[in-house]
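Chain naming follows the written order as A, B, C and D, and within any one chain the residues start at number 1.
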Amino acid sequence: MTKLYNDPADFRAELIEGFVAAYGRLVKRVPNASGVMAVDAPQPGKVALVIGGGSGHYPAFCGYVGPGLATAAVMGNIFTAPSAEQIYRVTKAVASQAGVLYCYGNYSGDVLNFDMAELRCQDEGIDARTVRVTDDVASAPRGQEDERRGIAGDFFVFKIAGASAARGDSLDEVERLARKANQRTRSFGVAFAGCTLPGQTAPLFTVAPGQMELGLGVHGEPGIQSSHMRPAREVADLLLATLLSDAPPRGGASVAVLLNGLGSTQYEELFVLYKDIHRRLLAEGLQPTQPIVAEMVTSLDMAGCSLTLCWLDDELTRLLNAPCASAAYTHA
Amino acid sequence: MTKLYNDPADFRAELIEGFVAAYGRLVKRVPNASGVMAVDAPQPGKVALVIGGGSGHYPAFCGYVGPGLATAAVMGNIFTAPSAEQIYRVTKAVASQAGVLYCYGNYSGDVLNFDMAELRCQDEGIDARTVRVTDDVASAPRGQEDERRGIAGDFFVFKIAGASAARGDSLDEVERLARKANQRTRSFGVAFAGCTLPGQTAPLFTVAPGQMELGLGVHGEPGIQSSHMRPAREVADLLLATLLSDAPPRGGASVAVLLNGLGSTQYEELFVLYKDIHRRLLAEGLQPTQPIVAEMVTSLDMAGCSLTLCWLDDELTRLLNAPCASAAYTHA
Amino acid sequence: MENAAKGAESVVRRWLAYALESMVVHEQELGRLDAVAGDGDHGATMVRGLRAAHTAAKEANGSAGDLLVAAGAAFADAGGGASGALLGALITTVGRALSDGPYNLTTTTTALQAGLATVTRLGKAQPGDKTLIDALQPFVDALAGQPADTPLIVAWRTALPAAEAGVAATQTMVAKRGRAAKLGERSFGHPDPGAVSLTYLLQAMSTVWDENHPS
Amino acid sequence: MENAAKGAESVVRRWLAYALESMVVHEQELGRLDAVAGDGDHGATMVRGLRAAHTAAKEANGSAGDLLVAAGAAFADAGGGASGALLGALITTVGRALSDGPYNLTTTTTALQAGLATVTRLGKAQPGDKTLIDALQPFVDALAGQPADTPLIVAWRTALPAAEAGVAATQTMVAKRGRAAKLGERSFGHPDPGAVSLTYLLQAMSTVWDENHPS
């Protein structure tokens, strides 16, 4: 439950102020907008990667702003897409002649607002494009991949697009690589308890004792299906089997792996779970590349986790391994 | 509540296997011991920094093993100090002629076991020394600083000792700097909900609605005192006032700051809280240096947070800013 | 004309005041409805949006249409999310179409039809997808189906039950837009929160007129 | 002599079996007691430690003293924490002192006194600090206070109530070692978990003898 706040109506403004105060060595506030940008932005000649979405998912989205990662993040209220106006203002602050790529999870509210901002920017002569993250296999069947939601797979797409932009790739190239990363990324998650919005006393959903929810959303949406709770090794099986049955065509053997905690699931539990995931990946002939077991896209204090695989090739691997620095993820 | 496990009796072994599988690029398992060591350990001529304690505090302790930080971590069961035997084995695996420094939070069980291992190593001619972290002002009054527990202040002491060891300082010097860092570090925390041990269904303590606990422990110990819940800005006041009234002599104006989340308190809440902490630090004439707002020493899924200040001088600042890489904290 | 226009501006401002009041009363209910298969923020979004819209209309000058344009922009920016964007665009579009009057059934119906078209173009939802369109479209149709000389107040009241029936109909729909098909199934048996809040907006207008002409 | 020694080895093994059984039964209770002002792991530590000690004694060869030495080392390593270190050292010290016998009241009292001294040296707790010492010390004193020719079984049973009274006395003590003074106050009214589990260990020995000589 959210305990630390003053007026819930000020939650977003206060969190942005606190974030910028803490990480001023990496980010600065976008003047007159609900967003943050890298200290060295705008960078002439480089594509600006603008990410964003509702708050409540930290480190997504502001925690990924910094050199080699995102140029800026537009921050909505808790679980609410930022408005087109705020996206527009943030874009204006960081856009260069090289253009702007929007990257965000595929949700109705985000699509509406980012699309409106994109149109407005294009009208003003800014080359703005969009790649939506659609990694959540639970949210739409095969063949309708474009309809899927974006969950923890966000991170790999941001990382790859950010590294491409940082090395000076053209907008065409940054967009191509982001799209490719997204097409090769799949996630699936389970939830054990719902989260509670600031100022509320009841969680958005509850999970009956001995049950878990399959196919969680990162906005406190319940899963697509309830199931009985089971030992960690069976949860590992379930997550992995679901992803492997939905593997992208021509994926190859090397996979980036993210076992993502949603908020109140302990890291220790994630490692216990990862033990079997790793074993089984190897048994399937897949090679985990730089696995990450951490909280990367959270859902307030929700309990649960998701597994993300990104099937790599050489160019994606290079970008994933490129150095970057941000409040939440630094790679040297 | 802990949800992901197989047999609770195997929890520690499985989490070590999972951790090493995920972060094999940074750590390797110590053969025949409950611990992990940096991939490049042992390093001839360099002091080995050995940290450790019970599990359930991730990233403490294994998440801090890697170049520029700890050489190895000995991992006990959940909330239980590792045995002297395991500490001894890990020490033997990483000790060089330059000696070994043990660094850990000051708890009865850890002291007993590390002291026994230290004696045994010294008997075998290994120069082993100890600096205990005693940052928790709630746990003993002024004048009895050595009796205090170690909580999130662990991180600053580890970081400074690790950087000193990494640059090749002598054991005398590494010990001196670790001791100095500890003497200049203070923490105080609040808890909103207790945590639940794996396999248990009830939390270690409960907090009545509208209440909070002051002076938490990171092992699910309740606070030293109950108090009524209050808005974030008053919690900021309380944390800061408590630390400032216990400031070390000749502290100076520059302070390292860690606002640490215990497990299920959201990052967004921590930023809202940090907003006022930062403002008030500045108002007090203190200069926050590289603040960290993150989960650095957790207590399973406990809700709450602690504030740590480390009063810096030039030599400590240099060490804090030195590069390092580990599963949980990388600084480029 | 001067007076009628002044009256219309005051109607817009009072509409936003009542709408805000109603949304504050229903904030928790809308949040709970949205939590069934969504993210629980709809009540908060509506309150935040209307608070900003109300302030914007109070501070803006110009015709009733101008006030609506300002209110819609403020709603969209402060509200955020899907409903912020869609309802903001709806209010702004209606405001542009109404401009500085006249304000009667014909102009209002045309304006709302333009608003509905905007919402459909932006959100790409069809009737039956379980969205606010399932309340808005029957209401607009019910307005359009009345003789052109019907007083707006009367026509509005006559059309309201169509919106309310539309809300009721969303209970047995499965959400199609913006949510997974399977999640949509969870919402079966519950009305769509956006359709519910849209109906509160329409009812608030009726309350303004009740105040002017208590029956 | 051969037989008596064999008997002693079997007593050690059966003692560990009963002790383990008793600790499994009381695991939750010990955890709850430890959670009052500590970290709730005492039950788990005792069970883990005794499981390893029991296995070690089963697999070890040698005198009863040797088995205790092996069991103590296994207890300390598997148990961990404060109680693992202290009880492990206690058991090992007693084993070393008892060596290969004889096993009577005098040797046992001397061995337990040595064990108590080790625990005090390592843990630096004083009587009254609310630790396992507050059960162990009265028990050892009660053994020592009996005539040297009292059969060990009889003396042990006679001394047990002193340990139990020691546990009861910890209820009104404030924990001083290893915990903050203030936290200690929270434990007022509850017995010390380490004193409780130590008494279970002493009682388990009595159970072994009950089995041999049901009264």
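Rule of thumb we're sticking to: a contact is a pair of C-beta atoms (placed from the backbone, for glycine too) under 8 Å apart; a residue touches a chain by one contact, two chains touch by 3 or more.
Computed from a predicted model, the values in this text were never measured in an experiment.
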Length of the line joining the C-alpha centres of subunit B and subunit C, rounded to whole Å: 54
Distance between chain centroids, defined by C-alpha means - subunit C, subunit D (Å): 75
Approximate Å spacing (C-alpha centroids) for the pair subunit A, subunit B: 28
For subunit C, residues that touch 2 or more chains besides their own: none
Numbers and ranges of subunit B residues touching at least 2 other chains: 78
Chain contact topology (line, ring, star, complete or other): line
Contact pairs between chains, per stated definition: A-B, A-C, B-D
Subunit C partner contacts - residues on subunit A that touch it in the complex: 9, 54, 76-86, 107-109, 112-113, 115-116, 138-140, 149, 197, 200, 204-205, 215, 217, 219-222, 224-225
Touching residues (chain side subunit D, partner subunit B) in the complex: 31, 35, 37-41, 44-45, 48, 73, 76-86, 88, 122-123, 177-183, 186
Contacting residues of subunit B [partner subunit A, same complex]: 1-6, 11, 14-19, 21-23, 25, 55-56, 58-59, 63, 78, 192-193, 198, 212, 229, 231-233, 235, 257, 259, 263-275, 278-279, 288, 290-295, 298, 300-301, 303, 305, 323, 325, 328, 330-332
